[in-house]
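Two complexes are shown next, each including subunit A; its partner changes from subunit B in the first to subunit C in the second.
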Partner chain A sequence: MKNHKFFKEILADLKKVEKELDKVLKVNDPVLSQTCISLLQAGGKRMRPGFTLLSGKFFDYSFEKLLPIAVALEIIHMATLVHDDVVDASLIRRGRPTLVAGWGNEVSIATGDYLLAKALEQIVKIDDNKLSAYMAKVCIDMCQGEIHQLKYSYDIEQNFKQYLYRINRKTALLISLCCKLGAMACKAHSRGIWIMSTYGHCLGIAFQIVDDILDITADPKVLGKPVGNDVRQGIITLPMIFALKDPKIAERLKELLASDQKTEDEVQEAVALIKQSDGIAKSNEIVQRYIKKGIKNLSELPDIPAKGALIELAEFVGERSY
Partner chain B sequence: MAVLNSIQFELRDVETQMSKEFGLKASGMKDLIQLQMDNLDQFLLPAICLAVARTAGPVNNTVIALSSVLQHLYLAQHIHSMVRDQEMTDSERQYPILVGDYVFGQSFLKMCEEDLFKYVSHFVTAIKKINEGIVLRWRLKNQKMSVKDYKAVIEKEKASLTVLAARLGAEGSNLKSHHFAKFEKLGYNIGMAWAASIEPQYSFLTQEYLSKTMANINDLQETFSVQPLQELYNFIRQESGTDVYLSSNIL
Partner chain C sequence: MKNHKFFKEILADLKKVEKELDKVLKVNDPVLSQTCISLLQAGGKRMRPGFTLLSGKFFDYSFEKLLPIAVALEIIHMATLVHDDVVDASLIRRGRPTLVAGWGNEVSIATGDYLLAKALEQIVKIDDNKLSAYMAKVCIDMCQGEIHQLKYSYDIEQNFKQYLYRINRKTALLISLCCKLGAMACKAHSRGIWIMSTYGHCLGIAFQIVDDILDITADPKVLGKPVGNDVRQGIITLPMIFALKDPKIAERLKELLASDQKTEDEVQEAVALIKQSDGIAKSNEIVQRYIKKGIKNLSELPDIPAKGALIELAEFVGERSY
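Up next, the complex of A and B:
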């Protein structure tokens, strides 16, 4: 569990969430037990439960109500990561071998499905149809985002709007949901729910754009996975969309990005071309716009320590290098 | 499904609900994956749920909704099972995972929308068991599987769902709880027969479990109107290609 400095305000409760995750993911099956333990040990930022708990702080904070929501959201996130790694055939995540690298497709998919059942078990504890239906809808939308991404891979004609549609579903909806449900569970008024949901949306969009930038610019050791993955898989991201508009490199870059049979040299050539264009700078500008918008939205909320944490978190998302 | 006369209208309701909810916005499911399902894959689980409910009288909307959720869950698992460890092309691997997750999400949404929360723990138990079964089969894949091991695998992989189907049919139609075990036993034997009928090397088990199914039906006829269960039995026999001489006087 990293990011302690942002979660100072909720650290004790976040530790309880971690403990609950340990408890919930303790299973009898010898293989599923190992796969679940390795997922827990891989850590992760636990940002989603963090957002849920911090959101609740602005309203009638009730950890008992927030706990199953936070646990369910983190487990859903874990399940999607496991399935994403099978989709992308990713062998490394967070600097460690993925489940699919160690156990193969079948066990990884079964683990993801098992985790979804565990999430469902937590959702029952929430005992609120409306909250649960929001979670279900986001799960469906996330799949649609991923399907959209696959359908349009290697399609260099994609524009900013299509990119936003995809990353909203792929990433932003779940972060927005974490904030929204934290507020809803703590009896927030409708404006409060809207504020938290919008903050989460802005942060989620910024988070994914930064992820896409880091896939081009990061140090693989710091990032914990190889760079250039999006280029390799034909996923057209925002830095690429901007870079493709640069007349000096557009022709060659189009050729490279549209090809589904790239050599490793060609992947590195495409990465270098994107880096030399203004695609990274322009993408960073968009990130900053979303970060500012997200922070601005919080201005209506009372000045409590949780607000400072959410602002710092937003700033961290804009500046992160991993 | 002419053979399932007693529940044909209800089965059509379930089918309608399913087809309404399958529309993927990005594209139709059929364009994304090459899904192969026989009649048992398509109808057996809802048919068990509906037939059990029908033994006690008219089928209510809760049972129809439960049948639809159950079939959604089975479909999600069935789609995920298309992904194997062996080398596959990217799209052969990628779409089934995402479409399976999508269908799983839809079953979850349907549980919320139809207010089926009191049944969720049953679904959770079944999903866990199915995946334990998948992992158990994976663990045994490089060994010659004994009949005992095979039964342990299919009990989790398939029978957990047919037991659930029977339980939901009984519980959803408000039968008294002391009847649940008998219907669950029926569901178990149907599931074991179904699973064994798919794998030729174990098909000898199909007949064993169909006979047990028949015994279950005989046992239930003292209390319930078992015509829908007899039709269900004939449906499995017909679709699994098993020709069993039935000496029971109820047929």
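Up next, the complex of A and C:
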């Protein structure tokens, strides 16, 4: 578990979430046991449960109510990562081999389905069907985002709006939901729910744009996976959308990004072209705009320590390099 | 929709289930819309909703309560078929190309996930969390069955008990759940729930053994898919477990079934050997035992038309050739 410094307000409860994740995913089957333990040990930032708990702090905080929500949301997130790695044929994530790399597609698909079933087991524990209905809606939208991404692979005619549609579904909806449900479970008023949901949306969009920037600019060792993945897979991200408008490189970059048969040299050539362009700087500007909006949006909330944590988290998302 | 003759007691309601499935799976996205429509048009026998509605007939029948349950169960079934086809690389099912054949693995995985999310949307509509918890439990167990099948591929040392463990999770648990939830939603007493659940279990086990027999003996044109699939994929089924005990063919059959690099000729050779053995007859005996048990189990229930339908359905499962 990383990111302790943002989560110090909720650290004890976050540790209980981690324990509950261990317990919920403990299973007798030797294969599933190994795949689940390796997923849990890979860690991840546990940002989603963190958002849920922090959001609850502004209202009538009840860990008992938040626990199955936080666990379900993190397991949904884990399941999407596992299936994404199958779809993208990703062999490395967070500096470790993915399930696909270690166990192959079949076991990975089944493990992802198992995680979704375990999430369902948690969801049915939530005693407010309105909350579960929001979860279902977001799961549906996330799948639509995945399909959208597949459909528009290698399509260099994409615009900012289509990109936003996709990253909202890919990342922002779930983070926004974490904040929203954290508030709802703790009896927030409708304005409070709206504030948390909007904060999560801004953070989620910023988070994904940064992810897409890092896929071009990062040091692979720090990132924990190879760079240029999006280029390789034909996923057209914001830095590319901007770079494709630069007349000096547009022609060659179009050729490279539209090809689904790229050599590794061509991938690296495309990465270099995007770095040369103003695509990174412009994408960073958009990130900062979302971060600012997310933070500004919190101003109405009381100045409790959780607010400082959410602001720091937002600033971290805007600056992170991994 | 086939099997009208068994479902005449509930035909009007089953048509409403079909309409609701159309409505629930209607979606704006052009890719998902096509994949979902093709799945709906492929039809299937809609046995699961049929079991749910028929089971409700013995108690305080409420279609309103049964509808989201029946829809959720059928969508879960559809999702498992889609992901199974990816895992098994199956290109044809029910005489039609599978999603994998038409759209590839990526879209198929995402469509399966989409269906699971739509099932969740239905499940959260069920106002009794006890029922949803049973659904979650069965989904978890089904995934464990899938993992078990993968783990024991090409393993010719398997016994009847391991086979039963697997087909229970692969098929019987869901059919049993359909019957159980149909009863529970209609306020059945605990004995009634037990009867329906046991009937479903017997039918499910018999159904899967017949499926495994047909994979060896059927006419591919009638079956709607090629025969010998299980042999090809290393899935050791009951006819094989029996055939492997026949000293006349055991040695060669072991060699063939254990190999994960079989030619098509070798697949057909294995199929022929299994047909020669008493594996088919012995498997059929087991089928008849489960069918009889399933029917006998209904004797306590009142003699309403739904009972005749369940008996006929059981007899059909024991005799079906597709």
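The rule we apply is simple: the second predicted complex is superposed on the first by the 322 of 322 C-alpha atoms of A that agree within 3 Å, B and C clash if a C-alpha of one lies under 4 Å from a C-alpha of the other, contacts with A are read in each partner's own complex, and residues count from 1 in each chain.
Definition applied: a residue touches a chain if its C-beta (ideal position, glycine included) is under 8 Å from a C-beta of that chain, and two chains touch if they have at least 3 such contacts.
All figures in this text were calculated on a predicted structure; none of them were measured in a lab.
K.L.:
After the alignment on subunit A, I want to confirm one thing: do subunit B and subunit C clash, or do they fit together?
P.N.:
Aligned on subunit A, subunit B and subunit C clash with each other.
K.L.:
Thinking of the overlay built on chain A, is A:Asn129 touched by subunit B (first), by subunit C (second), by both, or by neither?
P.N.:
Touch partners of A:Asn129: subunit B and subunit C.
K.L.:
Check the residue A:Leu32 against both partner chains and state whether it touches subunit B (first), subunit C (second), both, or neither.
P.N.:
both
K.L.:
Check whether A:Glu300 is in contact with subunit B, with subunit C, with both or with neither, and answer first, second, both or neither.
P.N.:
Touch status of A:Glu300: no partner.
K.L.:
Output check: A:Glu106 vs subunit B and subunit C. Expected answer is one of first, second, both, neither. What do you get?
P.N.:
Both partners.
K.L.:
For subunit A, what residues appear in both contact lists, the one with subunit B and the one with subunit C?
P.N.:
Comparing the two interfaces on subunit A, one with subunit B and one with subunit C, the shared residues are 29-32, 80, 83, 86-87, 105-107, 109-114, 116-118, 120-121, 123-124, 127, 129, 132-133, 135-137, 139-140, 142-144, 146-148, 150-151.
K.L.:
Along subunit B, where are the residues that touch subunit A in the complex?
P.N.:
It is residues 24-27, 32, 76-77, 80, 83-85, 88, 90-91, 93-95, 97-102, 104-106, 108-109, 111-113, 115, 117, 120-121, 123-124, 127-128, 130-132, 134-136, 138-139 of subunit B that touch subunit A.
K.L.:
Per the contact definition, I'd like the list of subunit C residues that touch subunit A in the complex.
P.N.:
27, 29-32, 83, 86-87, 105-107, 109-114, 116-118, 120-121, 123-125, 127, 129, 132-133, 135-137, 139-140, 142-144, 146-148, 150-151
K.L.:
Which positions of subunit A touch subunit B when the two form their complex?
P.N.:
My answer: residues 29-32, 80, 83, 86-87, 89, 104-107, 109-114, 116-118, 120-121, 123-124, 127, 129, 132-133, 135-137, 139-140, 142-144, 146-148, 150-151.
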